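Two complexes are shown next, each including chain A; its partner changes from chain B in the first to chain C in the second.
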Partner chain A sequence: MAKSLSKERQKQQRISKFTSFLFVLPYLTLFSLFLLFPLIYGIYISFHDYNLLAVTHNFIGLENYVDIFTPDTSLNTQFFRGLKNTLQFVVYSVPLLVIVGLSLALLLNNLPKRLTGFFRTLYFIPYAISVSVVSVIFLWILDTNSGLINKYIMEWGGTAIPWLTRQPYAWIAIVIATLWWTIGFNMIIFINALNEVPDDLYEAASIDGASAWDKFRHITIPTIKPITLFVTITSTIASFNIYGQPHLMTRGGPGNSTEVLLMGIVRRAFEQRELGQASAMAILMSLLMITVSVVQFRLANGKKRGES
Partner chain B sequence: MRKKKEIVLTILAIIIALIFMVPLFWMIMTSFKNDFEAIAGGLNWIPKEFTFENYIYTLQQTTEVPVFRWLFNSLFVGIAGTLIIVTVDAMAAYGIARLDVPFKKFLFPMFISTLMIPFVITFLPLYMQFSNMNLLNTYGALIFPYTANAFGVFLLYQFFKSFPKELEEAAYLDGANKWKIFIKVVLPSSKSIIWTLAIFSFMQIYNDFLWPLVATRSPEMRTLTTGIAVMQQGSFVSSYGKLMALTTLATIPILIVFLIGQKQLIKGITQTGIK
Partner chain C sequence: MMKWFKGFSLATLILLLSVLIVGCGSDTTSEDGDDTENSGSSSEVTEVSFWAPFSGADGPFMKEIVDSYNNSQENVKVNLQIVPQTDYYTDVDLTLHSGEDVPELMIMHGDQILTYSEKGILKNLDAVLGDELKVDQYHEKGIDGATVDGNVYGLPLDIHPLMFYWNKDLFEAAGLDPEQPPKTREEFVEYAQMLTNEEENVYGYAVPTLWPQQFIFPTIVAQNGGSLYEDGEVNFTSPEVVEALQFQVDLINEYNVSPSDIQQDGEVTLFLQGRSAMHFNGPWMLEQFVNSELNFGVAPVPRLGTEQEAVFANSHNFVIPEKADEAKLDGVVDFLLYVQENALAWANSGQAPAMKATYESDEFQSVNIQSPQVAKQFEIAVFNPKVENWSQAVNPLMEAVNSALLGQKDVEQALEDAQKEATQALE
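Showing the complex of A and B:
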């Protein structure tokens, strides 16, 4: 009697687990087909001599990876050129994305309350636009002969600046377009972080006669530190993934100086048609990105522990 | 003193707002200029000769610029992808947060750990996968890769975890089963967070560039973002008036979605930002 009861319960539990599993099954299927499988398949491809036009694709082990690290192979040149250019963009863009984002948030927070929402929307609008529209607009504004900026420069007696065809202007152009496009996202995160700084901290500091700068340095900055780190990590990842702006604005030029890593991977895959090599490049790039974000994250948590 | 500071800051905010709006204003104004005026015409913020010819051309030359087809593709792919994401993510997140899903101690960390994996690692194998199945250049190729993203599962999981148990328990006592509770009790109380996920997903798919660029070849399967890129490097390369008419048309739908869904979007950004 007791035995059959527990069997009955077991059966019920199994049915219950099964119906619960049905909730996860659709996502699990999509996840397996379009994330897990390609992940493994990508590693598989990277171990093969995988030319898109060839009929057979031989297993070559780590050769693609070895080639990337063998000096003076074309693969080595393309990978490290791309890496160098991507890292340049990360170094130029991330500090601006963080500092300008925070500055705009500070500005909005100190405006009269009824104006905050209006300006927040205006600064945030470019975030809704696609990268191809952003690039086309800035191509046109920065055009050497008839762009808006150069028209003004020439009107005031200057000489036209080749924004998209000479360095360092090409990087400046790409960074400006990127800032305009994505800064609203970081600004929103910072606005929220600033709102969560407890008011009584500021009040106590005012009573002690602290200046606005003192309050910013000793109250605001320490309180928003975790969020600043989060913004730094997400901005770094986003900047690593840069593709559309140089693809459309400079096409990697002048002289490959803005051929970023992702662009190198796409060219390796669809121009040289060497998918195995491109996959090896992609995997190395991903490992690098994961490492950078883990290091940044560790750094943050380590510091937090040190403070308490 | 305080008043003075507010005035100074407001003026600063207006100047920055103008800087933010100049590129969009210039885009719209250029779209109403003829080609000659666009290229030659000096510092003309407002077109001297206001013309609709760029819009008429862009909308009429449907073999050269299939704008309506691209708009349809972008909207269809965005809406279908969003519907799938919202449905499967809500189910999975609820299952893991509240139900006795087997292996959930293993499944959930596996989903979440993929949030760290950048798209660059999967887009080439995805290309091969769809190419092997002869499914490049189809709506399936443009939709399904987005549906595997674990972001929504993570976002909704956090919400369902803190959802009050009492509501579900009352329904259980009334004899409702899991599905009924999920559809009748849980979903109606999660509208706000689901809208947040929907707007995020729609904007991501509608605006995505690299994947639709490699996954489509024929002009009629392009999305607006990739179509613009093709025109910019193709037959519109020297006609900025027409190009700006095209980008203006492409921006209107997403701007409407953005302005309507802004509150939800901000909520989503701040919620993920805190964790």
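Showing the complex of A and C:
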């Protein structure tokens, strides 16, 4: 009797597991089809001399990777220049994406309840716009000779700023456009995190005479730490993948100072049709992104592990 | 639990993938089924699939030609498929790579023909050229552009050189004859100085620092009697090339006829706003200028170089993939013959068809204000050098032009750096 009962339970458990599995199935399908399979295929291609128009694609082992690390080859120049520029962008944009996102969330949370929803929508709208539209908007606003901002600067007696044709303005312009475009996402996540912080903690702190800053430092920040880590890592990954803004706003200029890694990869793949070399560049880029994310994760959780 | 899950998910994954693959397979067979159905109803019709990148304002004009051909006879039906310009060669590459649904006819830019013909992807047109379809029915420059090692791989639809546009109202205001565009460097600089009024923020010209320098810079180099590639080597540091860049830098810094720091498309904005009087761009800009209600004129480019008349150009060509269905070749030839005689509609796009029957006709001379001016430049057109992966040499060159025009690098230094990088890229 007992035996058959447990069998019955096992069966039920299996059914419930199967039902849960059905729910993840759609995602799993898309994930395999558009991420896992291309990734594996990309690794495969990167070991070949894979010109898209050539009939044969010979296996060449690690040669593409070796070329990337051989000084004075065009592959080497392109990869490391792109990497240097991409890393610059990551360093400039990620802290701002996190800090501005959190600041906006704090600001909105302290607004009267009726206004919160309105401004939340307002700040989130740009996130729904495509990068081409964002770039065109900023091209027009920032135009050196006929843009909106320079028009006001000149009316106030200043000299026109070459936003997209000189450094450091070109990076500033790209970072501002990126912030305006994507900050809504980080903000929403921070708003939810802030709402999760238990009110009684703040009340207790108030009774103990803590200032607003103390509460922010010792209650808010520690409580939302996992979310901050999440936002930092997703922002880092997104910033590594920068392509549209420099491609459309500066075309990699001035000179090649905003020519990011993905622009080089796209050129290799679709101008030169060297899919093998482009894949090798892309795989190295992913490995780097994974490494950076792991390091960020370790750094953020290092303290906790020390405690336990 | 984890193990069970892994095994199960793997099995499902494989199952899913196989279902999907089968799904794709059945899709294509159903298409084939449609085809046989069609040919069943009218068994002699040859269906020719024709790919073109005309996703802009030029698309309807190509469609007009195809439609009128389809209506003119009953044996061949050309199916025009317009692929978005930005994805065109990616789509072409992937299709040719897979070898499935390869079109029988394609449009290809002149500067791409070398790359594709070297890979044995394009049909040598000797096989289809004959008594009626003849290379001498086209402008020889167009045929030159589609010829590699003496073999013709394409028949030119058009040649599109750099054009010169000017604002007639600003010319008049500066006391210049609005119907007389400059012809030489001296006139260009003189006019530009007369047209420049810095107090009102109006300039004679605006030097682009990015696109379309890909057309402007080689034009001036060729007018200087120079070339970017010589004796099998990148030739960016020759005096003619250096002078071409120095002249453009001087327009900004010495002659003060152009604002500095022109960003992407900034020179178009200034021209449309009536704040720059003269402008260089490709013939594809016509529609935008017409719609802007600007009072403008269009002419062959003035000689900005020091030696001779010349203009950089690219072209659109009809090409036949090697993998195209042989049985449909007669249909393709029939269509090309028709286009050879009936290409006037293409001129409505502002382009100039490269067929003699069209550009020598009387109707063509009054088809619009631009196309006859375009055809005037056929004779002096200069194309990209026939070097595989030439675009990889152009990228560093354009970075050098950009750096020098923005005053961030000395002209000679910039070109030396580009020379090094371009040589590396072509190795």
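Following the convention adopted for this analysis, the second predicted complex is superposed on the first by the 265 of 308 C-alpha atoms of A that agree within 3 Å, B and C clash if a C-alpha of one lies under 4 Å from a C-alpha of the other, contacts with A are read in each partner's own complex, and residues count from 1 in each chain.
Note that in this section contacts are C-beta pairs under 8 Å (C-beta built on N, C-alpha and C of every residue); 3 or more make two chains touch, one makes a residue touch a chain.
Just so it is clear, the model here is predicted, and its values are computed rather than measured.
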item	value
Chain A as common anchor, with chain B and chain C clashing or fitting	clash
Which of chain B and chain C A:F270 touches, first, second, both or neither	both
Of chain B and chain C, the chain that contacts the larger number of chain A residues	B
Chain B versus chain C as contact partner of A:L35, first or second or both or neither	first
Chain B versus chain C as contact partner of A:F138, first or second or both or neither	first
Which superposed partner A:A282 touches (first chain B, second chain C, both, neither)	first
Chain B versus chain C as contact partner of A:F23, first or second or both or neither	first
Contacts of A:A128 with chain B and chain C, given as first, second, both or neither	first
Which superposed partner A:Q12 touches (first chain B, second chain C, both, neither)	neither
Partner chain in contact with A:P112 - chain B first, chain C second, else both or neither	first
Touching partner for A:F185 - first (chain B), second (chain C), both, neither	first
Contact residues of chain A, present in both the chain B and the chain C interface	21, 28, 33, 37, 139, 143, 145-146, 248, 270
Parts of chain C lying in touch with chain A, wherever the complex brings them together	5, 8-9, 12-13, 16-17, 20, 89-90, 93-94, 96-97, 115-116, 119-121, 201, 206, 209-211, 259-266, 269-270, 273, 275, 389, 391-392, 395, 399, 402-403, 406, 408-409, 421, 424-425, 427
Chain B to chain A touching residues, read off their complex	5-6, 9-10, 12-13, 16-17, 20-24, 26-27, 30, 38-40, 42-43, 84, 87-89, 91-92, 94-96, 99-102, 104, 107, 111, 114, 116-129, 144-145, 147-150, 153, 177-179, 182, 203, 206-210, 214, 224-226, 228-229, 232-233, 240, 243-244, 247, 250-251, 254-255, 257-259, 262, 266, 269-270, 273-274
Touching residues (chain side chain A, partner chain C) in the complex	21, 25, 28-29, 32-33, 37, 51-55, 72-74, 77, 139, 142-146, 160, 162-166, 248-256, 267, 270-273
Touching residues (chain side chain A, partner chain B) in the complex	13, 16-17, 19-21, 23-24, 26-28, 30-31, 33-35, 37-39, 41-42, 45, 104, 107-108, 110-112, 115, 119, 121-133, 135-141, 143, 145-146, 148, 151-152, 155, 180, 185, 188-189, 192-193, 227, 230-231, 237, 240-241, 243-244, 247-248, 262, 265-266, 269-270, 275, 278-279, 282-283, 285-286, 289-290, 293
